[in-house]
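Chain lettering (A, B, C, D, E and F) follows the sequence in which the chains are written, and residue indices restart at 1 in each chain.
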């Protein structure tokens, strides 16, 4: 008797009922305005994770000791943002209702909106920690409001002022920067300078944590649709993830914008895998 | 005094009023279900055309003798098919109303729908000659009806039975093949065998001619989203284009599905450029 | 309750007991002498198969109607050929003993030896149909006898004269060609000319069918370790597969030597997927 | 009535008479000794600039507020350095005579010589600020004096001692370093350490500013013919450009040595676009 | 005592005095007007030849039985065509004077001019057999007469009418085709149709044989600067080489225009290696 | 009379008897568990070294002043680790016995074992300085003990405790880290912090120095089989090499794990060339 072929991120092979974290992929990139292909991100992360060790010398923790379930990729409706966002919201809601933490792998950044809708329903006092190179605060982009370039603005539509904290931002229109500084979001340009203070201040609040991997410098993360030089270093990001996870009440999170087609060397995918491993280890309560 | 930087396909630099053919690009690929990137197709064709001669030894004709205007690429709303199709329809309608032949460069195949809508309005008796590897006859795909996988079905919604003639088809669901053979479209599987008869039979009818370049064998045209082995040869395609253009009343046409990201050697783009050159020379009444 | 992430080739999701065909991957390439990387072949075929339709217009059959189980990739000992071959032999033997047909996806061609060992044990009168660009008949290569360049010679060690029928061969040392023509194997150079006669002649014999995809011309299959110009066409190969499957008693088979790292456009992987689909449809007794 | 297809770097669409800065491309690489392809640099920068925002959060300035004209690429005589340099000199001279600042996009570094010839004619007291990984000070290279490896030496032939200030240099022959330190040029090895002092000291002098992008570390700028590890960081370069532009009387400048063929991820082109944007914003007197 | 590292094409390791054929590389591409990089062609052919067998099943001959010397690549002056051509002429002249046949590996096609100059000096009655996709008959290109696009025109300057026989030509300006058909060269468009008759007719004449590999269809030879669809097949080329070599008095030859940078899969280099192997075996008088 | 084609790293063309350093390549990667291809590393380093200057501005020394012999690549038995290691050991032993320093270019890291066996025989008190991202201390990997993942453990089998000093390690299983910290090796995680003290402490001991290039951050060195973000910088590595070479009695060394297939831009190979140049200049006693 042979077994069926179950594929998971690294050793995330807990059964669903006992899992405290639940991974899933959201392979969607229909609104990408520049170079598409992030739809292959989650699949690449899962597939290449076998080149990674489950043990982290940074945290001295091992994924083999954690209880994580990987429920695979959603089958999303390319060409219909509304439908795709519903499918994401539904999956996220199930996981939240079962008292687990959803960890979504994008896909383009718009997918965050589906997860935030579900999280905001469960946690009306939801706050967002947002790592990104781009502000993503446009009201619309080329006539479209459900666009990756507008995703945090759409989250603001739900949550309102003083709920969104942005870090590492180094690209956007003048209007986006002005709109943010008018008090709608809290933005730390270029780096993580005010992160510790922010986390201290948000003590106890339910946090959705969204990581657009292009917050990293493209020297270490070239494989993304819109690379922006001048980003943060890999160890800076690990440290920032630690700061967020150690001090916050994370209720959901995502890692997005890996575009394997622009990752000729495979380093970007390897980086994404390691970021996911470190994030999962930080979120896991077991050791 | 220096001149602005006007870029055109090869030497398609006639002024608009005197042009008989009008090129434009439709850089859209939001519904692509597999590998996106055809949005860069029209730009690549224009940009790489300077590596091509304007003279064709096949036809002994030269683009320099033709009157063709290149109006550049539309700026389409990635993420909203409805909006993008309207923009394409509008551009096509202007060209048709000015008594010229639109030659659209895709983009994914869905863009054809925008042009066909405009052409069917101008020519209610419109027929379609369709070269493709894929049937594109699904009623819906992943819940979406405006999808590249459904584009000829959407054209059928407008035109009805006995208006669509398909050639080279070698991929689809069983349902698509059955639906076609139930009398809705005329399909020549695998090659161009019945093309001459078809053209003779359609004598005098207004024809929209849509070429999905993946009708070519991927050995010569690898740079496309969904390559299907077993396709037609390059010289077969040139011959078939000649058959169509010499014997029909073409009112509009398009060439689509070049995806430069999967064209590492640049051959696919060079092939697309040559197909466009030969098509333009066939359509031009000047010599 | 969410489901675990089961990945299979296309819709090969039968349960094991009811399956008549069983797929598995043998990701091994330790002896590759030129350009390694076929270890990623089976994974790429499985992963990219979702870009393919389950229906074949060539055979008018659909994989959805077949009973095929995909048991995933073996975890082989890179660096130890002896161990890896044992693991392959063991998996093949289980499938054969359960009365099913093993369909192995390589990996380099050496993996065939493991499967042939198991098949020869079950079927002492085993014959081999071998499609390849290379003779693979060396006694040893750089001092090593368990090498991809020696695999058919090692099969001959087991089976002896008049059991191995080779087609499409167009590369080898002078010694290999001389050794074959001394009566040890039956070799059709360059193409499939004598295939029909051979199949007729082998009527009723148990056949192991091994397809090295580099038998194809590299224009349509560039993604392999040692590409050899002058190969057969894709439709020739489909026809030859049909000839073999329709007329023989196939007891096991494999498809190998896809090397995704040399497949920049993805066409080679798409070709491999289609070859596997057509092979499975030919082998399936259901319609 | 449709418009012709005008392509410019970002929004550099001022009309020529009102422009204060004039961009043009010099697509030439005939003397490249190692890996050619910079001829495609200017075209790639223009073409990919649409992925960039016109607003800079570093300077809080927007290109939309500037008056810049993009006159496109020169059509240079590949295979004849003398002719190509004349064509560059001529274009530069026109722009200088019209009281505007030429901003040339290479091409290999030899193109600088054409522009410097024109600038030195207009401004006999011309000084050069040179950012580069390579000294470019050879008397000849493989018997050729008009070579990219000799370009600053050829500039020295025109300007003489104490006119050329080099920064970031980390590669060259022993002879080049000795010749420089004999007093012919002022060279800051490896970084920008003495830049501020230099700029202060050159107060009021007419400056030609030439940026070989390979001064950047290849981690962030791999897409160049001769990458040299150990370079400066992206933010270091932005700061250095600010230092030069804020404190000098720039009369002409260029950015060169982007080689898109070695830029698989597109990051190098994105970096070049951003460097050009920041440079233009620094040079523009409008805000 | 260890040996120095001698690298040759396959087993072309005869000593110079006893060799009948002498290989050398001409790594030059300064005049390439479109995509440069053929300078790496000869090096790639030599380096990748170790993936090829020395035995040819097409000719049943083995390179190990031949006497061929590989004298490596010339060090040419990139940026100076005149100098480079002199260096090529000089090397060719030495080989000719020593009674051997030079086999030059390009580089761009202009290198042929250097070799033809030497051959025409030795053999005033020299004729040229030319396989190519491009006519290469321009009087000048962008103001330059020593250009790859003019190389056969420059050879005509030396040899005059009725000395140059072109095959496979499928690209050029109208002027080139007209100039040829005015009686200056004998041109067979598209294929090798008249090759046998030509060879019969040239019986006994000294022949220089120049093969631009882009005569091949880009499906099998994508790795070249200016790929032109509609070319000849690999086996057609082998047959044509056989026709030329078996029936002519070849005094020199070359194989050029491989551009490895556009050969992602390595197939083009493998094809070039095999063409060179077959050519050498055809030319060798030993068996 | 023409010369044979001798290829060496840069200008390492001393004759063997007078050489103090001897380069050779070990193109082996049969045990690579993730992405193979380092077998092409030594060849790429030699071949691309011609793009590098022989003069180092870091050390103000020139390779032209050194006495270094390049004996080329070994021809190793792919598929048999035991045989390959013997061949490496034999070559290393000859060089050591002739009183010269072997400098081996990998290949995967397992090749170090062959060289260490020879060195330990000559110098029973041998110590190892090991730069790497990976601990390489497994007892076995997938049932195989001669694996790249076990290479330092195999060296420990020969040398025992307190002989191996590891730097930069940032990946491994929990068991490897525990085994090391149990006193078997001295490990500096992540960086070179304790390097100076270590070197001082090893004063006078015979040192084998092995550099796995993946100790570098993948931003500057992406072209390797298992890239690990968070590595050391290029200048850090140069400084560390200086620290080791200036203060130790080096008896042998190697540089390994360049995998050119994952080096699309060529930067990794250029980095490897520069590391080798700097290492050779440090080791050379001449100036």
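The rule is short, and it goes like this: a residue touches a chain if its C-beta (ideal position, glycine included) is under 8 Å from a C-beta of that chain, and two chains touch if they have at least 3 such contacts.
Bear in mind that the values here come from a model prediction, so they are computed numbers and not experimental data.
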item	value
Distance-maximising chain from chain B - centres being C-alpha averages	F
Turning angle required so that chain B lies on chain E, C-alpha fit (0 to 180°, nearest 5)	120
Mean-CA-position distance for chain E and chain C (Å)	39
Interchain centroid distance [CA atoms averaged], chain B/chain F, Å	55
Multi-partner residues of chain A (at least 2 other chains)	35, 217, 219-220, 264-265
Residue numbers on chain D that touch chain E, as the complex places them	29-33, 35-37, 39, 75-81, 83, 141-144, 146-147, 261
Residue ranges of chain C in contact with chain B within the complex	50-51, 53-55, 57-58, 62, 217, 219-220, 234-235, 238, 264-267, 270-271, 274
Chain C - residues contacting chain E, complex	34-35, 169-174, 177, 189-190, 217-220, 222-223, 226-230, 262-265, 268
Of chain D, residues touching chain B in the complex	1-8, 13, 16-17, 22, 24, 43, 46-47, 69-73, 91, 94-95
